[in-house]
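In what follows, chain A forms one complex with chain B and a second complex with chain C.
== the complex of A and B ==
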């Protein structure tokens, strides 16, 4: 019953056992499927298609899937595409969003309507934007270019980044800026020298989210690239073809592609939780 | 010396002129708009343009080749009688309700469990955040594989436990399987938002309730839940926004088959598989209006909730 309260109280023996059983069960449900990607990545085809339960864990590990992935598919090229697209779009998004978020937070520019319009772009069905841009990109020759896809990723992340940063800018006391103005700082200087250093944690949180979202993005990447600018998510999806399913390379590719995001979530957990609550709660 | 004077003057002139524009842009009156210029440009290109484009073609018949033919409101009439579209709409709402309610319930339960300080909480949190940050597409491929009938891990485990194998991708079950995948990925979101919320609740109120002899259930219903409601709203709003546009889990699993076609998928199929830009635009506009309507209401609630939490 302690559980229903705030949880600071001492747990008795039964409560303790109950707590750890549930915790381990939940962690198992979360970790087992992810671990399975890594197990599958090191399995030979006949182990992948084995129909005995013990083969799920006990098998002869092999790196054949990775060799195939690197030899037969342009995995590292696509990986590089993902890196370039997500990093460059994140940088641009951070510049645009921090300027705008500051304006919204300090002057309530557009009296909330503009902020609503901004956040609503993220509610836009991606396919709505995809139709005209597909036609336009085809005419401009931007299909299957990193530049074209980066532009779309900027669009897709900018509204959310603005909204996230808005919460962080909102916390900066106006008095600080007034003091800087008395010291003779111009508006631009205040933004650069006073405000930006203070929201650095907010920018870090936003950067993490933008990087991860761009890294994981699929719809635009899938519609707007074929070969040259193809990011790694699209390559992995192509292993699940209508004719045959290449489980081995798929698992190997996924194992590498999700590694950066797993590391981010492990090492930046506090930042991530801060971002998830839009700074509403300091986790 | 004399010869250099005009050159110097011109430099001065250029500097002066640049600084004037800069001064106007950073002046008290215009600075707030200057800051917004890049964002407004991006929004105009990526929001206004697609909107006008789709609105225009929703009144036309066009298959990407040849001339677009004006057909009036015929596309919209067709849409309202389109059984596939209405079914996709219904399924989307169903997924929305199932996923949001399950995520909230699981999230709340786990948040109550994990809100205390316990040994190894960083490890638990680190591991439990994993699904949130992994690409939805990769997760859907993974689960597709796990739910495979013959050699999928889930069925093998069921078999080892002496249970019957289940055909997870049958037309009756596939939609729920997709819901499961989505819930599996997103319940940590609700959990950790609520854990953060529970930890920030004022302690003295709960102490007072305990001293007054309030039962734990009463305390939970009358104190904890109302205080968490802003955060619960945030979860509901954000998840609604994302769930209406569910696409990746379909691509990795059923690809819109076995009665799992959702809103975004049917738009995708019409516009990018059949290249029916006119009708696809009509669907897009319809789903956009629906989303905006739902989200306008949701956004009001969200802002109120955020205001309450600050």
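== the complex of A and C ==
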């Protein structure tokens, strides 16, 4: 008995060391860039370019970068664009994708071909679609409009969201819906009162993924907007000019822009983990 | 309440025929059972009546209305599933109340009325203490009773119950049977009850059908099904121990007709019996063969030969049950013969006793089931 316990203890010791090494490594990879952004955001220009190692962390904090960002650049306008585009595209995507995924999962609509077709829009590089879209948008007058960019985000997220939700809907036993039919409920009522509550974790996960993707989306925002509908990601990239790189306002902008996605992921953590393992262990 | 009538109902799953032309009538207010082994198609029939499976061909009537083309919501049936199908995100109370809240039935109950209805059925089934629990926190037996409560809470035209007490323990099974019978009588409900347990079917039904591979083998009252099984399959399925089936040759010598099974089992068929046997003769290996069936309680044991329908055999095993004993004999070809004695059996193993066959309770069948021999398993 004693032997076995000691054996386990030793294993734990070695295991522990590895566990902490890997944890610290992963933590460093994730936290270091974030820390750099937040530290830079509060540094005066001189401190940003200082070569002394201790200046990396110890410096006189200032909000100068934020003041410049708000005064000299249309940061809040662009931020608002990002909010409107990502939230509205996510809402529309969830409505379309949940109905589509339910249809694929319950009635095998299109016998798999349609589902594959939907997913395949995600398989080619986005840039390939950019050229025809650009020509189309120019003719329709949708360039540099929030509506236009929202439509593009919907187009790209619907396929992914449908694919993700399909798995969740597939998990719901058909007999449960049959029971509800016998209990006297219409298809629409069953969807609302039985199916939707059961896929709620799945919808939460999908919503977070769509929101974060749309929030961070750069390529199409860069190609399809100029000023009026420009989202914050494009603004931040514009600090990387041909003459100089304005690290201060860039870090300040990034520091604010990543906050919402960080917060959403933090609050939805429980749902996301439950959602991703949904069905792995049947309850 | 409605009468349910099936006419020549067929169900195909792809090329497989699950139901092969089933017809029966369940009269209004009747407790009607469908009995059959696993895979006989009992649940399929129930689901077709409920409307969650399509009918391939044939007609289903409620009274004189053809209903098999209607969706389940239009049929006003309620059903308890063998797999419970409780809504996992709702509490027990909400699960039971769910059918009452469907806009389709236009019940518009006040919360107080709803509560009264739910509590009534829940206390009937002894689950009123579970109201706040979620289905995942219930035992199998509790889930089954919740599912039964959900099926019975609403006044429906027809109640469809699919093995509703199969997962209850013996005591609860008995009390729930009593409750079900009481419920059916109190509300004069039409109940169609699916089970694989002949005891439940015999105990509860006014009328029953025995189903085998999608075909009705027999329709009748429990008494008819038990005391005059129409086929060897019914005799074998209904009864424990099952009906004795002895496969043998019919020999005609002038006026005399005898049934012979090997050397140790020769039986003279007089009067009606000879006629009954002739009706079902099958040629097998060039011999006229029939299958003789007799229930274990229609064989009497004695120390002396009491009639010419008696045979002496050594006892193979004796099993004492509470109010009777089952005595097993083994014929030379390894078929078992079961005899049920009233009261405690006084004979012991290997003792040679006389078996007296009561000719009034002998049946002859065309052979359709293979009776298990020693070392093989039935079904």
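Assorted remarks:
Just so it is clear, the second predicted complex is superposed on the first by the 250 of 283 C-alpha atoms of A that agree within 3 Å, B and C clash if a C-alpha of one lies under 4 Å from a C-alpha of the other, contacts with A are read in each partner's own complex, and residues count from 1 in each chain.
Criterion: a residue touches a chain if its C-beta (ideal position, glycine included) is under 8 Å from a C-beta of that chain, and two chains touch if they have at least 3 such contacts.
Just so it is clear, the structure is predicted and the values come from calculations on it, not from any experiment.
Following the overlay on chain A, a side-by-side fit with no clash is recorded for the pair chain B and chain C. Once chain A of one complex is fitted onto chain A of the other, the partner contacts of A:71 are absent, as it touches neither chain B nor chain C. By the touch criterion defined above, A:111 lies against neither chain B nor chain C after alignment on the C-alpha atoms of chain A. Using CA centres, the angle subtended at chain A by chain B and chain C is 80 degrees, rounded to a multiple of 10. Measured by the number of chain A residues touched, the leading partner among chain B and chain C is B. Once the two complexes are laid over each other on the shared chain, residue contacts for A:226 go to neither chain B nor chain C. When the shared chain is aligned, chain B and chain C each come close enough to touch A:186. Applying the stated contact rule after C-alpha superposition, one finds that A:176 touches chain C and leaves chain B untouched.
With the two structures overlaid on their shared chain A, chain B and chain C come no closer than 8 Å at the level of C-alpha atoms.
Overlaid on A, the two complexes show chain B and chain C touching the same residues of chain A, namely 186, 283.
Chain contact summary for the complex, chain A toward chain B: residues 1-9, 11, 19, 22-23, 26-27, 29-31, 33-34, 36-37, 40, 48-53, 56, 95-97, 99-100, 102-103, 106-107, 109-110, 112, 114, 116-135, 152, 154-155, 158-159, 162, 167, 170, 186-188, 191, 212, 215-216, 218-219, 222-223, 233, 236-237, 239-240, 247, 250, 254, 257-258, 261-262, 264-266, 269, 272-273, 276-278, 280-283. Partner chain C is touched in their complex by these residues of chain A: 173, 175-176, 178-186, 189, 194, 197-198, 283.
Across the interface of their complex, chain A is touched by residues 47, 50-52, 71-73, 77-79, 81, 83, 85, 87-89, 98-99, 102-105, 136, 150, 154 of chain C. Across the complex, chain B meets chain A through its residues 22, 26-28, 31-33, 35-36, 38-39, 42-43, 45-47, 49-51, 53-54, 57, 64, 110, 112-118, 122, 124-139, 141-146, 150-151, 153, 156-157, 159-160, 184, 188-189, 192-193, 195-201, 203, 206, 210, 216-217, 219-220, 224, 230-231, 234, 241, 244-245, 247-248, 251-252, 263-264, 267-268, 271-272, 277, 280-281, 284-285, 287-288, 291-292, 295-296, 299, 303, 306, 309-310.
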